[in-house]
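Both complexes below contain chain A, partnered by chain B and then by chain C.
Moving on, here comes the complex of A and B:
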């Protein structure tokens, strides 16, 4: 069995990060890595190179268009979209990690290797409709993340969060696997698209076992997007994880889980029309619960990372509302939303690093008055928070706008009203961060701590934050270009929707 | 120059933002330079707007300047980048461009820190206000309407008083709550109309059942009423006004509140004429409550700034009453009253700011005999006070008189009663303003060491006089020859009301009011309850 050159080209974006990760693992065998600066530099350089190489080949593929599927691997526009999405997130994470791990005093090469493996798993996860490959992708991106959450072993909370995440994640993976097995048992094929056709032909579309199987698979996705009631791991894991890793999880895990959900449920399971309707009702209820619980709990957080965790839960609610509307335009909105969400959330977590907040010192109190000390970062913070709250003319507004518009268009006016009310609540806790940054003077305690710490130099994290701010601003003024040129093409030429 | 000839409005709207970003990028150390640059920029915008807007002869439809180009189509809804200045918004645009540099000059030394950032935010706010005023596409209007909140939030929150964080959050979230629900209504209607063009949306709205129209109208009305603010949605206003720095209060009162009334006349009433007629009575009732309640609450205030804030509630109640009267004279009165309130209340906030900068207190009880120490200041305060309570020959009189006249003659069953009730608000207005004036300026000099009067050492300087003079000129000009300021809006208002009430037999009562109103207003004075109370 041999691969044609074009198939090699389609595989390269996956292979390059794997190769880079292996090189980094070898480098990190050097016991002096904590003391020798050039080795650390080489490891980070390799990681960035691997991400850039993968990104480069992905843009090449994007220019060429959708690739024919092989080995159950669909390198279509949607997969390329996912790849670009994940690689941008990974690059931002690597940049922020350099500063964050130096601040924490815990620079280890294996974090980078794990990050790259996870990124490859994510691309695999979102580019297949074959259940085994899907599960492989899920585990390949989840297991490194379990380890990454607990990576700073010097902190006991870190290990605790990692363990929590691992245990709940393992249960969710098992459920996902069970669901796939049920579908396989009834249809006799692992290819989900084929299975859907077979089940329809057999008249088993509404068979209780099929429903259970589909529901268990849905549970797996909902766990990864951290929708209520599968969200409890999120705040603990984010709080335990190093800031850049928390940002990466909040963005990339959620993003690829939504894209894979899009590929499987409205995509592959399209023939099972009636099942789709049942799932839609379930998703609507869960979306409402996610919005209400996520937003209300975020209100009372005193730790910025936990607030961002609940905020990320509530954003899963808005995205799920896009699935409730269920029109091609709504899915376009979901993809656009994810792009903006990538920038604003990676940026928000990057701020913590850029402001030099380490360990547990990530409360609103710790941020007081910092906006004036670092005006550029403060400006970026205002952009991220207002965009997360959905205030025009920033990118976040247009994501919500597209989803709410489709909800109204499909007759779900009540859900749209609930959505805007949730937005209103969210504005309060996002403003709290701006209140801390600009409207409050630093507390005496914070001043003392700041004088104890060495001056913060986080040039790479700062650069990453500014890149994110530019993307969010661009999303507000060139939204149509992003939607038409990127999100819509991924959907049309990836899933064949909107044709 | 060709680009500028084609896009004068784009330039007017976005030049402040460009300058604002430049100022934001300048270092803190050159704050004084930034303040100067900001002022000169705003002044240039004002001069340009005067030259361009008054220099163009209006086209047939009354449009003075217009730009329209397709912007983007998202989720099937086309959005046009459509801006225009016509009779309805001409003077509000000029009021905005006038007040911004004036306020900057008037509060030159009020702030001590982060001058550049303040000037930058002020300029961003100007973009938001101008954009909302000239937008002719509802999506564009919504963008500017919301974007306006951001600079105002920071202006209150950073440079405000002791309770500034609470006030800023309340202002932001209160306004946001109205506009988010309005967004759903907007999306619902845009979905029916296939776009955000107001004409198309009005057409689509007319095809809907009255029940749906009512809901949509209520969503529009609540969003605008919060901004006005109409009783009982006014509770954010006293907090925001009292906590905001002087410049913020002036612009809040001067322009931001006007956008609520403008939203009614530009969008809510024309788009849902039936519902607007149907809900005229409750709106009028709330307006009357706002007039009387605002005045009563103002009367018992101990803080001058809070008193002025509640007087805003009362005065904006007149605006809403005029709009609800659905008569040409009432609506024209509302248009004028919006300008009046912008000038008079803006000036009051400026004056209170000048007093506060010297005495560091705003409590009425801390003063007494200020007239002895600051004669020039007292003179200006007197003139503005008289304008605020509607003395004939000042601007306040004409607007209130037209509104009461329009309400009385509206032909609605409630018209006469409400006009009488609202008139009591004029009386109360005289009571609270003059009583405050008496306690602060007259009487024996308050010699107490801690008193505000004791800390007054200097009268107004040349800069402050330069700020107040154009205001006094406008107060008299608008009182003597209001036609200058309402001539442009007469045709669109008349056309709008004729369209709304075409089948109604009431139209004849409007006719005598329209042509004689501007010049004849003084001769009507004996009939108007206003005059008696003032004397």
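Moving on, here comes the complex of A and C:
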């Protein structure tokens, strides 16, 4: 079978990381990987090259404005946007994991290979409306993540978090599959866009089986974005996972699931008007529950990673509010918010690595006074936390603002007020981290332990954190350029949602 | 035609009832049992319930080849999940000497 250049163009962004991952697997067969530095360097270099290659190819496609397709894989603007998003997240993760795994003393090549496979699955998941491809993408990015959460086998918490994530994730995937099969059964096609029009023509849009099928599919998406009540795995999985992997999961999984949700629910299922209304009502209720529960539980956490996990749950709530508003401008806001969220959350998890916190030592106590010792990291921490809380000149504020403005515009004033109140509550736990960093002196015992250990040396993680801080700051000042240049074009030309 | 005949000789509904029953049983196993291996079997049961429904629908739609191929993909995916899941169970067992999911509580606060 020979492929046309256009088909190659659609496939290459996925093939490059897959090839890199296969090379890394071969490299990591070397039993000396824990001892020989150049093998480790080569593995990380290969991973970065693979990510950069795919990133470069995607930006090239974006600049050329072409939207190639390989059968059901549509590399349209939205898919290219997702690909660039995932590749940036993967690159930041690779940089941070070099330092983190050296601190943990657990440098393994398979981690990188799994990360790359997962990134490929994410691109696949967000670039199709065909259910078979959608399901394969979902599993291709989920299965490596189950393994990544439990990757540091020496720690028993690691296997436990991985197991919890695996069991809940596998149930959610099965539900997603069952939902898709039911919709296929009644429509006779796997392409969700075609299925929606067939169901409308047949008058089956509100058939109970279609409703169950759509609800089960929605469950699969909501699980991946960790919306209440499918959020229980989040804090356990993030706490057990290595810091960079937790950051990657919080950012890339959530972002990709939101983009795929956007493609399927408002995109493909648009002809099923009545079903869309029902789904929107469900999403509104779950968004409120997610906001309230995520924010209130985050208040009482003593572990920074668990706090960040609940914070990521509450951010799923804000993003879901964008779906409740359901206007093109709101979806643009969601995409913009995802980009800023990528920078601030990757940065926040990167801080833990940059400060050299390993294993279980990720409580607020362990952070005390560190802001003064590493002023650049302290400044970056202030940027991330203020942006996560939605303080005006920073990027996080504009993302929330775009979503809330559309909520008010569509008459959901109550939800907008709830969102603003939730942001106010969230300021408490974000500022608590800054208070620990700057205003509390470290305990005498911590000082003694720190003087015994060698000084923390995490140049790559530090650089990644600073890059994130710059993106967050730039997002605050260039928000309209970013929105018009990227988010809106991805929606207009990729999804055809705005006309 | 009696109910048993419908299940054996082709009624789509019979297959669907079986599939949804299997799905419910699998979900109940995951939620109620407290042994990781049995919970894991519940997940496999849910995947296979979807397979039964998929094949029944495929026959109903005149032997849709796409669905048959998808069925093979699902089997492959289930095998991958089994590999990861069993590896995690073994990893946990080495640390805790148990596969009881109620005792895997070190991450709670």
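Points to keep in mind about this one:
FYI, the second predicted complex is superposed on the first by the 495 of 499 C-alpha atoms of A that agree within 3 Å, B and C clash if a C-alpha of one lies under 4 Å from a C-alpha of the other, contacts with A are read in each partner's own complex, and residues count from 1 in each chain.
Everything below uses one rule, namely that contacts are C-beta pairs under 8 Å (C-beta built on N, C-alpha and C of every residue); 3 or more make two chains touch, one makes a residue touch a chain.
Predicted model, so just to flag it, every value in this text is computed and none were measured.
Residue contacts after overlaying the shared chain place A:161 against chain C, while chain B stays out of touching range. Looking at the shared chain after the overlay, A:477 reaches neither chain B nor chain C.
Legend: residue contacts after superposition of the two complexes on their common chain; A:188 is shown touching chain C, with no touch to chain B.
By the touch criterion defined above, A:71 lies against neither chain B nor chain C after alignment on the C-alpha atoms of chain A. In the superposed model, A:386 lies in contact with chain B only, and not with chain C. Contacts of A:329 after superposition: chain B is touched, whereas chain C is not reached. Contact with chain B, but none with chain C, is seen for A:424 once the two complexes are overlaid on the shared chain.
By the touch rule above, chain B contacts chain A in their complex via residues 24, 71-77, 114, 142-143, 146-147, 149-150, 153-154, 157-158, 164-165, 168-169, 172-173, 176-177, 180-181, 183-184, 187-188, 190-191.
Listed in rising order, the residues of chain C touching chain A in the complex are 16, 23, 26-27, 30, 36, 39-40, 43, 46-47, 49-50, 53-54, 56-57, 60-61, 64, 66-67, 69-70, 73-74, 77, 80-81, 84-85, 87-89, 91-92, 94-96, 101, 104, 106-109. Taken together, the chain A residues at the contact with chain C in this complex read 132, 135-136, 139, 143, 146-147, 150, 153, 156-164, 166-167, 170-171, 173-175, 177-178, 181-182, 184-185, 188, 190, 235-236, 239-240, 301-303, 306. Put simply, chain A touches chain B in their complex at residues 329, 332-333, 372, 379, 382, 386, 391-393, 397-398, 401-402, 404-406, 408-409, 413, 416-417, 420-421, 423-424, 427-428, 431, 434-435, 438-440, 479-480, 483.
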